[in-house]
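Step one of this worksheet: look at the structure below.
To keep things simple, chains are lettered A, B, C and D as they appear, and every chain counts its residues starting from 1.
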Amino acid sequence: MQTFRLVIACPDGVGIVAKVSNFLATYNGWITEASHHSDTESGWFFMRHEIRADSLPFDLAGFSQAFAPIAREFSMQWRITDSAQRKRVVLMASRESHCLADLLHRWHSGELDCEIPCVISNHDTLRSMVEWHGIPFFHVPVDPANKQPAFDEVSRLIDLHQADTVVLARYMQILPPDLCARYAHQVINIHHSFLPSFVGAKPYHQASLRGVKLIGATCHYVTEELDAGPIIEQDVERVSHRDNVEDMVRLGKDVEKMVLSRGLRYHLQERVMVHGNKTVIFD
Amino acid sequence: MQTFRLVIACPDGVGIVAKVSNFLATYNGWITEASHHSDTESGWFFMRHEIRADSLPFDLAGFSQAFAPIAREFSMQWRITDSAQRKRVVLMASRESHCLADLLHRWHSGELDCEIPCVISNHDTLRSMVEWHGIPFFHVPVDPANKQPAFDEVSRLIDLHQADTVVLARYMQILPPDLCARYAHQVINIHHSFLPSFVGAKPYHQASLRGVKLIGATCHYVTEELDAGPIIEQDVERVSHRDNVEDMVRLGKDVEKMVLSRGLRYHLQERVMVHGNKTVIFD
Amino acid sequence: MQTFRLVIACPDGVGIVAKVSNFLATYNGWITEASHHSDTESGWFFMRHEIRADSLPFDLAGFSQAFAPIAREFSMQWRITDSAQRKRVVLMASRESHCLADLLHRWHSGELDCEIPCVISNHDTLRSMVEWHGIPFFHVPVDPANKQPAFDEVSRLIDLHQADTVVLARYMQILPPDLCARYAHQVINIHHSFLPSFVGAKPYHQASLRGVKLIGATCHYVTEELDAGPIIEQDVERVSHRDNVEDMVRLGKDVEKMVLSRGLRYHLQERVMVHGNKTVIFD
Amino acid sequence: MQTFRLVIACPDGVGIVAKVSNFLATYNGWITEASHHSDTESGWFFMRHEIRADSLPFDLAGFSQAFAPIAREFSMQWRITDSAQRKRVVLMASRESHCLADLLHRWHSGELDCEIPCVISNHDTLRSMVEWHGIPFFHVPVDPANKQPAFDEVSRLIDLHQADTVVLARYMQILPPDLCARYAHQVINIHHSFLPSFVGAKPYHQASLRGVKLIGATCHYVTEELDAGPIIEQDVERVSHRDNVEDMVRLGKDVEKMVLSRGLRYHLQERVMVHGNKTVIFD
C-alpha cells in the first residue's frame, strides 16, 4: 500500500495537532499511523503521519504546496515522502561479511524496502556475494598513507548512484569530515559496542579487558566526532568468563546485524527524527 | 501535574482525529501525550490523550457534556478520567509475599499512583507486613467445601471499600463467575506462566516436565474462563537444566513481580484498552 | 585446535568424576573444558569433557577401547567424538529462505563447523542461493495426495550423503514416523512459536488471535509426536498491538534464525544430552 | 542441605581435576555441583565443588588439613566454606529505599541465605522499614566538610558486627581507600549505569544527554578507583525518547534491584572468583 509520510518537528504549542489533522481531514486523508511526542525538556514537538496516498488528491508536490502555510505558521522542520519512491542506499563494507550478507538477504527477500544501487568496499573479498544479488560492486582500496583519493572516489560513486543513504556495514574506515558533513543524518554506522562504552578500535578487546557481562552494538548517524553521533538503536547480548575475545566477536555479530537492520528500517520508513544529538524513533 | 485522560475506541474513519483535536484546541487543551492506533483487521480506531487539567476550562463533568456530541457522532466507546482522582485498588493475596510486598513498596515509595483501601487474604500470614504500611488487612478464610460465603465476604469488602480495581497478587483462588462478570476488566491477575502455555495449577511443575528453556509470567484481566482473559503484559526469564522446580519458582517470582507491576501501572494510567479478547497498550 | 569430546550420562554415584579424571590424567589428557550436572530428580549424572587430541596417546578407537571398562563399571551411556571429524548436516527447506540463508552464511564464513553435503527442498525456489555456496540442491516435490514417494527419496538422499544430522530449516512438511525413529535425536526442527504454546500450523496467527505480548521460536529434536520432542533452545521477541500477523512473521524470522543456529551449534559441538524428553545443554 | 564449598584457583596443568576428585572420592564425598574453567589467556584454572557435608568425615578444619598438601602441590589459591555458616552481611543505604527493601524482603522470605546483623545509613529515613524486619539500624550522618569521623564509625560498626560482606545498596557515599583495601572483594556496590559507561555521579542524567536506547546497572566489588572494580553482574532495560530522566530513574530501579540481588546471591554462595580485575561466576 502506497503511503505518504509526513514528518514534523516544531516548537510545542496548542493547536498543532488540530491544524495538521484538520488539513488531512479536509482532503479526506486516510491516516494509517499517527505518532506524537512532546519533549518537555526541549519544548519541542514531534509528529509523524502515514497517510494512504490513494486517499489524497495530491501528489507530493501538491501536498507540499498545500501544507506550506501551516508549516510556516508553526515554524516547522518537516518533510513529506512517498513510500513508492524507495530510498537509494549505498552499502559500504570491508572484509567482514555478516552485516552485509544480512542486509542483502533482507533486501533480496523483500523485507528492506529500498534500492541498493551499489556496494563499495576497500577490499575485493565480498564481490561474488554482492554480484550474486545482481548489485554492482566497486572495489576502492584505501592507501593508509594517502586516503583522500579513495574517499574522493567513494564520494564520486555515492553521487553517481544518487544515494540518499549510506550504510557503513562494518566498513572499518573513518570517513573524512567533509563527507560526514555533506551527508548529515544520511550516513548510518554500526559500532560494535554499547556506546558510549568502548569508542574506537577493537571494542571487543576493550570489553574483554574490562570484564563486562554484556556486550552490545550501536547503530548511529555518523558525525565528525568518532562514534559520537545520534544513536538510532542499541542492543546487548550476555557473555560470561567462558567467552574469550573470539567468542565475543562471534556473539557480537548477531547483535550488530540485528541492531543495524532495525536502525536502517527505522530510517527507511522515516521513523527517525534527529533533534540535537538525540533521536526520536516512532517505531 | 494533574491531567485528564481521554480514552476512545470507535470504528475507524476519516476525520476522527481532526474532530477530537479541534475540540481540544478550541478549548486550548495542552496535550502532553497523544497515542493512536488503527487496527486494520477489526477496522477499529483507538486513541488516548493526556491533557493538562489546568489548561482546560472544564471539570470532568463539563468535559463530558461538551464532548458527548462528538462521541455520539463517531459511535465512540470512551472515558475521561482525572489523574487527581486516584483509583482505589484492593489487593488480594494468599501466603506468598513477593508480589504483594513489591506492590506495597512501589505504592509506599510513590511509584504506584493509587489508593490501596485494604488487602484481603485467605490466610493471616501477611497481616503484619500490610499493617506496617498503614493499610487495613482482612483475613477471609476460604472453606474448600463451601467457598461461597468467603466470596460473599470478599464481594462485600470490595464494595465497602469502593474499589474500582482488584489485583490478585498470587491469590491462588479462582473467583466465582458472577464476581468476574461484575468487575469486568477491573480484576487483574498474575499467572505464573507464559500463557497460553501451562494454564491452571502448578505451571512451574508443568514447565519443568516439558523442559522449556524460558519460564514466564502473564498479567491479564480475569474472565470467567480460567487464565484466558485479555493479556496486558508478559515477560520471560531464561532457565536451564540446572534449574529444578524450586529454582524456577524463585526465578519466576521476579518475573511475576515485574509483569504485574507493569500491567497495573498501565491500567492505573488508563493505558489499557480492551477490544474483544485483546488489549491495546499505549505505553 | 583438534579436541576429543567425551560425553557421558549414567546413574549418579560417588567416584565417577574421580575415575574419569584419573583416566584422563593417567594419559596426560589436557582438558580444555569440563562440565558436570547432577540431576537430583532423576538421579542421573551428566558429564562432558573436551580434551586436546594432541595431548592423548590415542586415536578415537584407542580411546574407546581404553575407556570401555570404566563405562561398563558405571553403566554409562557415552560417546567420544573427534572435532576434526565434522558432522555431515543435510539441510531441508521449503520456500522461506531466512533460516536456510542464515545457516548457509554461518557455514560459509566458518562459524558453523560442519559439512553440508546437500540441501533438499520440496520447492525449487532456493536452488540458486544454495548452489552459489557450492552445495548440491535436490528438489523433491511432495505430492499432497501421496507423500510417501517423496519421503522415500528424501530418505535415500539422506543415506546417500551419509548425513548424521538433518536440519528442518522451515521445511513445512511433517516427516513420517519411521524417518523420525531412524534418526532419533538427529533431526532438528525449528518451530515458529514458544512451545508448548501454538503447536502445529500457523502459530503466528494463533499468537495474534490470543493477543500475546511476546512471540517465540523453539528448536527441538523431532519425534513422532508433532512439536513435542526434546527442546534444545528457545527465545522470544516483544510484540505489541501495532504488530499484525505479517509483522509477527517478520519479527519472528529473526528469532527463528537465532534459535535454530544456536541449537545446531550446541548439537554440532556435542553439547546436547537428551534424557527422557528433556535436554541438558552444556553451553 | 548442608554443603561444603571448595573454591580453587591455580595455574592450569594436567592432573588437577584428577587429584581433587580423587581426594573427594577417597573420602566418599558426594558432589552436588561441580564447575570448571580454564582461562586460556591467563593460563589459570578455576574450580568450584559443592559437596554434601554429611557425606564427608571432616569438619571444615579437618577438610582444610587433609586438603592442604594438594593445595600446596598445585600452588592453589583456595577456600573451603560451610553453607551452614551463613555470611554476615552489613547493608548500607542512603535515602533511596528500593535496593534495601528488595534485599530485606528476599532475606525475610528466606531467599537470601545470610545474616544481616545491621543496616547503616547516612540518613534516618529508612529506620522504621529496617526495624520492622527486626534488624538494628544505625544512623551515621556524614559531614561533607569532614567525612572521616563518619567512616571511622562505619568501620567500627562493621567490625563490631563481624561482617564478612558489606553491601552498598545505593549508599551514595564514596568509601575511603583504606576501608576499600581492608575489605577487598568483600564490599559490593550497585552502580546505576552499564559500566564502563557513565562512571560517577548522576548516570541517568548522563544517559539521557547521550540519548542511549538502553540503560543499565552494574554490581561490582569496590576498589580504590571509583566504579572500576571487578564486575559481578550487569543488566539493561530498554528506554526510548518518551522516557525522561525521571522515567529512567524509575525504570533503572528495577534493573538495580535485580542486578544487586543476583550479584549478592553469587557472592553468598561462593560462586564468584576474582582474578585480576575480572570475575569468574559459576552460576
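We take it that a contact is a pair of C-beta atoms (placed from the backbone, for glycine too) under 8 Å apart; a residue touches a chain by one contact, two chains touch by 3 or more.
Going by UniProt, the chains are A, B, C, D = Formyltetrahydrofolate deformylase.
Predicted, not measured: the structure shown is a model, and the values here were computed from it.
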The chain pair with the larger count of contacting C-beta pairs, comparing B-D against A-B, is A-B
State the chain with the largest centre-to-centre distance from chain B, centres being mean CA positions. C
Quick one: chain A and chain B, Cα centre-to-centre, how many Å? 37
Which integer distance in Å separates the CA centroid of chain B from that of chain C? 41
Pull out every residue in chain D that's touching 2 or more other chains. 40
Pick one for the touching-chains graph, please: line, ring, star, complete, other. complete
Partner chain B, residues of chain A touching it in the complex: 14-15, 17-19, 21-22, 24-26, 28-36, 38, 40, 55
Within their complex, chain D touches chain B through residues 97-98, 101-102, 105, 109, 111, 128, 132, 250, 253-254, 258
Can you list the chain C residues touching chain B in their complex? 37, 39-41, 46, 194-198, 210-214, 216, 230-236, 240-242, 244, 277-281
